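Below you'll find the structures, each written out as structure tokens.
You will see two complexes here that share subunit A, one where it goes with subunit B and one where it goes with subunit C.
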Partner chain A sequence: MTVTLQPRSTRFKERVTLLYEPGLRRNRFNQICNGIAGSFALIAVLPLFLVLIYVLIQGGRLISPQLFTGLPPAPGLSGGGIGNAILGTLLVTLVASMIAIPVGVGGGIYLSEYAQKGWFAQFVRFGNDVLAGVPSIISGVFIYGLVVATRVFFEQSYSAMAGGIALAVLMLPTVIKTTDEGLKLVPQELRWGAYGVGASRFVTITRITLPAAFTPIATGVVLGIARAAGETAPLIFTALFSPFWPEGVFNPIATMSVLIYNFAIMPYEAQNELAWAASFVLVMMILAANLLARWISHLTRT
Partner chain B sequence: MRSASTIDAFTLRRRPPAEKFTDIGFRQLTLVLAGSVAAILLAIFLTVFQGAREAMASFGLSFLTSSSWDPVNNQYGAFVAIYGTLVTSLLSLLIAVPLGVGTAIFITEDLIPRRPRELIGLMVELLAAIPSVVLGLWAIFVMEPVIRPVLVLLHGLLGWFPLFSTAPQGPGTAPAVLILVVMVLPIITAISRDALNQVPIELRQGAYGVGTTRWGAIFNVILPAAISSITGGVMLSLGRAMGETMAVTMIIGNSLNFSFSLLAPGNTIASMLANQFGEADGIQVSALMYAALILMVLTFAVNVVAQYIVRRLSLRY
Partner chain C sequence: MTSSTTTVARDVCLSLQDVTISYGSFEAVKNVYMDLTRGKVTAFIGPSGCGKSTVLRALNRMNDLIPGCSLKGRVIFDQHDLYDRRVDPVEVRRRIGMVFQKPNPFPKTIYENIAFGARINGYQGDMDELVERSLRKSAVWDECKDKLQESGLSLSGGQQQRLCIARAIATEPEVILMDEPCSALDPISTLKIEETMHELKRSYTIIIVTHNMQQAVRVADMTAFFNAEAVEGGSGKVGYLVEFNDTEKIFNSPSQQSTLDYVSGRFG
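== the complex of A and B ==
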């Protein structure tokens, strides 16, 4: 035994030290993989920089008071602004929020507070995940068939209302999911304490549990609103577009996202420039909302 | 006397009817709101199905295989769009999966200090927040002119190959694939990062303890442990890529003619809907609804498989 082991162990001693040897095959492989992963990360981050730089340069240089107060020019003319589209985006997103937030928070409360594990809750959670995966354009087709084609709102076909409902369909899964998960994080002791001092279930939920889960819910809701504000596909044939100032929620309305789409594919310089300016405003609003969400989520940690 | 006062206390503590009704009413209200998700899902399906019935009756299953989309003669077949949807989404995943998983490894496996790691994570998340229509605008005016020489070169070198057989002329399938890569990359990165973070520390320690290198551990221990979640995430982003509309519509060229070439203009179901739905009438609306139904079924199937993978195949340690 020892006779056979002896030569092997000396050979072992010669070849291996405990020092790091970069020349070893496995270490070379390691280096190469590090490089590949690093360059992949670089490639992944690159588009953000490129898009942001172009939006900042191309859109930022067009920022003027007139941009916010003016109406888009007729094709072929220059100047003008996107005031109606900014207002329209705010209005449509507001309609969507007013539908999706109450429904979503209510549904989330049911899932988390009343029916944690029942078959119905599991079914709704599954349905919610499926709804989250429904392409945004399908939401537009759905609302077109349900609201626009049937003219349910005062015989109006295309309307800001229809656009808002289409966006609400897209926002809903996010709001339900964040409410459900946010409420799950609330310690059970808080609920017991409330019941212990005689609070009813309704009071416990509205006064104790919901406020305790405010941070995660608000974060998710803000992110959902930001996402909805940038959506275009559901609005093209629900809210349509309008070159005029908004005329209430039951008329077609201009939004920044649809303006970008329409004006980007037009062969006119002035329209293309307005598309960049609208991108600038939209991206700034959405990034601000994202930072706001981040700020909210850090509020309670400090 | 004593027992009477207890009874008094009891009666005092009885819930007034108003409170009871609020409680029950609130519960029922939230039940209805939760149920609305299922109702909306059903309503989406029924609305699209109802709209598609006319086209289904007149074109049947040949709608899937016919590539003539002819509003003048009212002949419709969605093969070009279905083919485009599958090709663009699969090709973009082919590029985005290695990039996304690589980035996720880079920002979870201690390759660089924590601060820059978090910064990269934040930037990828912000990339996901940029609206797709802005990416489309960027693709038209910035990306496409920049990559066109590359595509021209590709056509020159590999023009004999069917996938590169036409001269690039601006919008086309290849730029659409690239912009889809930008759009799904954040999703794949985020899900892969979460999956890698959930791999138990003991597995890593065990691997490093027996003397493996970092990439030995990643390829043999960490990735196999996280692979089911990553696969689920990849499926989710496949669904997203198939349904992605705006950026693709703006750069794919919306051609109704079939071409194998990636450099030629193409079409997807979503971009066809965005492009034609507003101006369509009669049976064209129905044909578009039929196409929308196909898209819905495709994304539904992909999403269900994704959820199944995430739920059932998640590794038990």
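== the complex of A and C ==
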């Protein structure tokens, strides 16, 4: 039995070869679009590498043990280090974390686990998104007005505490958002399983749901810390600066970001170099925090 | 009838009296009367969307977790209406355990999966012994006795489901509810779980929702057939209980035409 095919319509342009022809109009167009998209992607990551390289060149050569242990020199003198600023940044960030993590994780738990789909949860979510967009300087001025100007902490004005609170305001939206989203990713079946064996809501959340969402929550917290650690504007108003070692959380404190801001515009060579060195250390710390967040998010669940 | 205490026949474990369950304003299942016998396996069968899973979840107040779900009527268990305001749903779920359609072991070790429920229920005895006994009862001990400290998620689907059954019986409930426990499993795992159920019915009342009619014939002593019908002026179909009787009667000489149509495959 022979099969006869119907003659093909001749209204289409004749193509005889199955081979790829680069000169074809659609293929040329495709190449151009690929090229454009690729170069924009390259431009997008270019600033990161330029910043890293520039800071590395300018600040990397100043890295020495003394940089981490010494105090900044008096104007006109050379040498010295940024030990107090590194310690200060760690301390202020720690204060911020100790406020933002409990409040943020608690708020996220409320939104995801307790809140009905009522107006209050909607309002909190919306408010949280707005807070995420508030410029950091506003947070600084706000804490300045609330804590610094009123001298609520032991008649102290500028303090590490105030700086920590200002940074906590900036961290809060990230922590709430990632906790809320992370808990939403936990399969509903897991909660049912816990309720099915007679667990109360509290036990279900603390023993089953939160551990299951640990990875996204921890990632969000680390990213929030990384963002807060590099902030300058809110700290200028709140933590101020100090050329000395930290004297507790209720006194003004040096931080790396404010040190960079202060020293970079000073007319002294030594201070400018320390500003570069501090930039390098700060960028490396934030990079490390981001790598830590990536590592946490890759952790396999047990 | 305002009192929460009610007497029902001694061999009745759970008694549904004019139960109507709604999601928001939509009635999912209507006017169910049913007495579930103690120490028996009862199967709920019926087409999708007829409300059998909804009724099952109503028996241990799992529906509380679904927003907008409400129940009218009474569910009597141990002389109490489960929906009385004074009843604590957590306490209800401790005495009426549940196994779900999809295996849902906790992301913990096999040992911890079992121990979790027992511990929160205030178990005082030897935990190792309880874990072994529960896993043996649910016929999964041989497969996981050497890896109790590995994650429950490392088991196969069928083993996970039997682990979930072990988890449910470790808290020593009086009733075990099973919502299509075998629908995600292969025939061999299904068979093993059915054997487990035969073991379990000596000590527990079991209520199972299944789409598999052969399974109902194999495991159930009693069978309830649910159906759904469109109602005038309503949106969507409303489920109702068509017939509830011995499994043998339901499959061989049902009293309702629609039951006969369904069990003989002439449905729809």
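Things worth noting here:
Heads up, the rule we're going with is that the second predicted complex is superposed on the first by the 264 of 302 C-alpha atoms of A that agree within 3 Å, B and C clash if a C-alpha of one lies under 4 Å from a C-alpha of the other, contacts with A are read in each partner's own complex, and residues count from 1 in each chain.
One rule holds in what follows: contacts are C-beta pairs under 8 Å (C-beta built on N, C-alpha and C of every residue); 3 or more make two chains touch, one makes a residue touch a chain.
Everything quoted here is computed from the prediction, not taken from an experiment.
Contacts of A:S157 after superposition: neither subunit B nor subunit C is touched. When the two complexes are overlaid on their common chain A, residue A:G196 makes contact with subunit C while staying clear of subunit B.
When the two structures are aligned on the shared chain, A:V124 is found in touch with subunit B, with no touch to subunit C. Of the two partner chains, subunit B is the only one touched by A:Y110; subunit C is not. By the touch criterion defined above, A:P211 reaches subunit C but does not reach subunit B. Contacts of A:P187 after superposition on the shared chain: subunit C is touched, whereas subunit B is not.
More subunit A residues lie in contact with B than with the other chain of the pair subunit B and subunit C. Subunit A residues in contact with subunit B (one complex) as well as with subunit C (other complex) are 198, 200.
On subunit A, the positions that touch subunit B within their shared complex are 26-27, 29-30, 33-34, 36-38, 40-41, 43-45, 47-48, 50-51, 54-55, 58, 102-104, 106-111, 113-115, 120-121, 123-124, 126-131, 133-142, 144-146, 169, 172-173, 176, 198, 200-202, 205, 226-227, 229-233, 236-237, 240, 257, 260-261, 264-265, 272, 275-276, 279, 282-283, 286-287, 290. In the complex of the two chains, the subunit B residues touching subunit A come out as 13, 15, 19, 22-23, 26-27, 29-31, 33-38, 40-41, 43-44, 47-48, 50-51, 98-100, 102-103, 105-107, 111-112, 120, 123-127, 129-138, 140-143, 182, 185, 189, 213-216, 218, 236, 239-240, 242-246, 249-250, 270, 273-274, 277-278, 288-289, 292, 295-296, 299-300, 302-304, 306-307. Residues 60, 62, 65, 67, 90-91, 93-95, 97-100, 102, 104-109, 116-117, 120-121, 151, 153, 164, 167-168, 170-171 of subunit C are the ones that touch subunit A when the two sit in their complex.
Those residues of subunit A lying in contact with subunit C across their complex are 116-117, 187, 189-200, 203, 207-208, 211-212, 301-302.
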